[in-house]
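Labels for the chains are A, B and C, by order of writing; each one numbers its residues from 1.
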Amino acid sequence: MNKTVSIVDYGIGNLFSVSRAVEQCGGQPVLVTTPEEVLNAERLILPGVGAFADGMDGLRTRGLIDALKAYGQSNRPLLGICLGMQMLLEINEEFGIHNGLGLIPGRVCAIPSTDITGQKHKIPHIGWTALQKAPSQAQDWDDPLLCNIPENTKVYFVHSFTAFPTHDNHRLADAWYGGRQISAIIRKGRLYGCQFHPEKSGPWGLKILENFINLN
Amino acid sequence: MPRNIRIIPRLDIKSPNLVKGIHLEGLRVMGEPRTFARRYYEEGADELLYIDIVASLYGRNNLRELVRRTAHDVFIPITVGGGIRSVDDVTEILRSGADKVAINTAAVHRPALIREVARRFGSQCMVLSVEAKWIAPGKWEVYTDNGREKTGRDVKEWVMQAVELGAGEVLLTSVDREGTRKGFDLPLVKEIATLVGVPVIASGGMGNLTHLREVVEEGCADAIAVADALHYNRLTLAEMRTALETPPLEVALR
Amino acid sequence: MAVAVPAPASVDYEKFSPDAKIVEAKYGLPIDVQFCKRCVISNQRPNSAVEYKHTPESRKQTIHFDAEGICDACRVAEQKNGKIDWTAREAQLRELCDRHRSKDGSYDCIVPGSGGKDSFYAAHLLKYKYGMNPLTVTWAPHIYTDWGWKNFQAWIHAGFDNFLHTPNGRVHRLLTRLAVDKLFHPFQPFMFGQKSLAPKMALLHKIPLVFYGENEAEYGNPIADTETAKRDWSYFTAEDKSQVYLGGTSIEELLSEYGLTNADLEPYMPADPEQIEKQRVEVHYLGYYLKWHPQSCYYYAVEHGGFQASPERTPGTYSKYNSIDDRIDDFHYHTTYIKFGIGRATYDAAQEIRSGDITREEGVALVRRFDGEFPERFADEIFRYLSIPPSEFPQASRLFEEPIMTREYYELLADNFRSPHLWMRRNGQWELRHTVWQSETSQAVVHAS
């Protein structure tokens, strides 16, 4: 029987792509919009593109913030994608200081406009970048989300902001951009966040989503 | 710094067909767009670009159904352009499965649209499409309607203004080179790619792998859009990828 | 001396009121306007006619529509895509070439043209595919466009000898002005040379084989015309020169009143039929032997000769590669729009629909958007060209009530050439009474080919 995957619809983000990808991975996508639906979900995806403040506003106006915080404490699987990942953290510095859901300690800051040699580089970071081990990685690569995903697999990023979890052991995989490491996947317990878009990362991205759907 | 250059098949669509012209003119019917899209996905395209090239004629984008059907089994980013004139149009096309929109004519007529789209959906969604025509050394003019209408605007000034307004990426098409296989307009690409802080997709003129390397190494392009070379099976995505990943030749050899 | 060319009179708007009873159609045009159900052409399209006989009194033959409402040009396209055995036709071409091909590389055929996509294709194919030794001949446009000149050069540089005949600018301007005032037909003087130069060069150089590109029937002359490869003699010969009119004006008048000489007019005169007969000059349409597709000619010319489309859209249409070498061309199609309600977008779209390049729906939208657009880009230059100031034309100038052409003059003249069955005046604006996008039949029918 297909596993139900609840996708939070808060008026932002490309839900069509996420739903379609979940379906392709053998999941049963359901769009959820109310706190009750969030609280009752078996597994949840928090998608999102666009500005952080708009995203949080979207959650707030639908009364979803407390429900998401509660869900986050419940040890059920949650996957934040892109903006959805960034909202899992505590603080965001996009156009002023904003509070996130605070489910994973850390902050979200702009990618510097120059690389480590001081050369100007392109923002947003758009493109296919390889997933690699985080340097001070406490966790192993063999996380269930990364099951059968080789190191250096390229996935699709598009973002101008990047997450800095307070604790290094919340960084599961990184990607290099401009000579710096960017959090590509973060994890705390069964809460996951992907800075890239698994639903837009071809067969490997689908594999990551499938792994998420199959988390026990 | 190593750069991950994106290779983006560009599919110009007219009514139900994939078409291809020279200088955006004399459009030849190539076939069913979805078949091409699917093939490019399987062969490892980084993204896809759909442009409805008769949209401004009908005053609407006609690609929703095509995008919906494509997004059903293609799991890479899809950018859709042509005839997108309002935030509502963007909402519609994103709902159909597109990830970004490329806007040219409507942005030229009403630059505030760029800000509205970037505000509502994020800059990463707002691709400024520019059709550039050479007028003098170091000077290009903005055209609209598939290279048919002049605007009197300077490409550099326009791109800077648009990025200021929130464009997160620039699709830069050379009207002079499009479909000619003579190589990219390198001065144009370089000028724009080094001018703005957002990624620039070079489009128009790729005839061989040397052109591809040139536009990346000398033109500083962040991505390239390819139509002709792929549609006519002159090059494969794998060959292009290999060419990009091969280390640059020694200076002495060139 | 009396004024021979009065300034245009003011127009009686009564006949053009939206609810006026239509009793008059100018130029012998069909009074009921109809649009082809397959393309976008209307039944008002005149057939190509012998320009030497064209006077203000001439009545037009127009394109034939059959019982199903399909125009002859679409029927020809149907034949091109079905009935005609192109392999057999090409074999005939090879045979024709074999009969004429020179052994020593001397010229064996004449290919007239401008170096546009069609003549590029014709000459290049004859030389490089069929092993002929063409001499190309060109009758210059009124005023070259920059890109037209470059394409002309590119053609020659693709491997051809060429004779360019540029008519005397003063004579050409005068004839053009007369053609505008009397016939509203600025392109006419060009057409004289376009049709007669090649046969005359054939006589001069003793090269008895001439190849044109397409047959006029592809655009709507009677279908019977396509059943022969040879061009109708009447297009380029006139047995009796007293019957010849240039710019709607008799030769006699041009000589006696306007101060022109026989030598001035010689380039416009048709070839001598007796000589044509004697030297057995044959004029063939390549389009009879090869399936002609203008868009493919464009591709061919780009690939083999660096042909360049115009850098800007031609006013009045959407296209950039069709007939782009003459600055007066914009006005040619503007005048057809005034006289017949058919502008350049209609001609272009009709052709591309027949060739399968665009759908009818798209064609209708293109016509709606572009047809009849006033050609601003070269207007000032063209009005200067059409002016006959005393300083340059001491004698002819006096025959014009207003020798200087202005925008106002042109527009009033245009109004005099509007037919009440096509045009109406509403809220101070001219509007076509019938358009392809409003015609019911056009909406009900889908493109079929």
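Heads up, the rule we're going with is that a residue touches a chain if its C-beta (ideal position, glycine included) is under 8 Å from a C-beta of that chain, and two chains touch if they have at least 3 such contacts.
This one's a predicted model, so the numbers in the text were calculated from it and none came from an experiment.
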Chain whose mean Cα position lies farthest from subunit A: C
Top-ranked pair of chains - ranking by C-beta pairs in contact: A-B
Central chain of the complex, centres being mean CA coordinates: B
Rounded Å distance between subunit B and subunit C, as computed from the means of their C-alpha atoms: 38
Length of the line joining the C-alpha centres of subunit A and subunit B, rounded to whole Å: 28
Centroid distance [mean C-alpha coordinates] between subunit C and subunit A, Å: 65
Multi-chain contact sites of subunit B, meaning residues that touch two or more partners: none
List of subunit C residues in touch with subunit B within their complex: 295, 298-299, 302, 308-309, 311-313, 318-321, 356-359, 361-362, 365-366, 369
Complex interface listing, subunit B residues touching subunit A: 1, 4-6, 41, 44, 46-47, 68, 71-73, 75-77, 94-99, 119-125, 168-169, 197-199, 222-223
Of subunit A, residues touching subunit B in the complex: 14, 16-17, 20-21, 24, 49-51, 54, 83, 113, 115, 117, 119-124, 126-129, 154, 156, 158-160, 178-179, 197, 199-203, 205-206
Residues on subunit B engaged by subunit C in the complex (per definition of touch): 14-15, 22-23, 25-29, 54, 57-58, 133, 145, 147-150, 175, 180
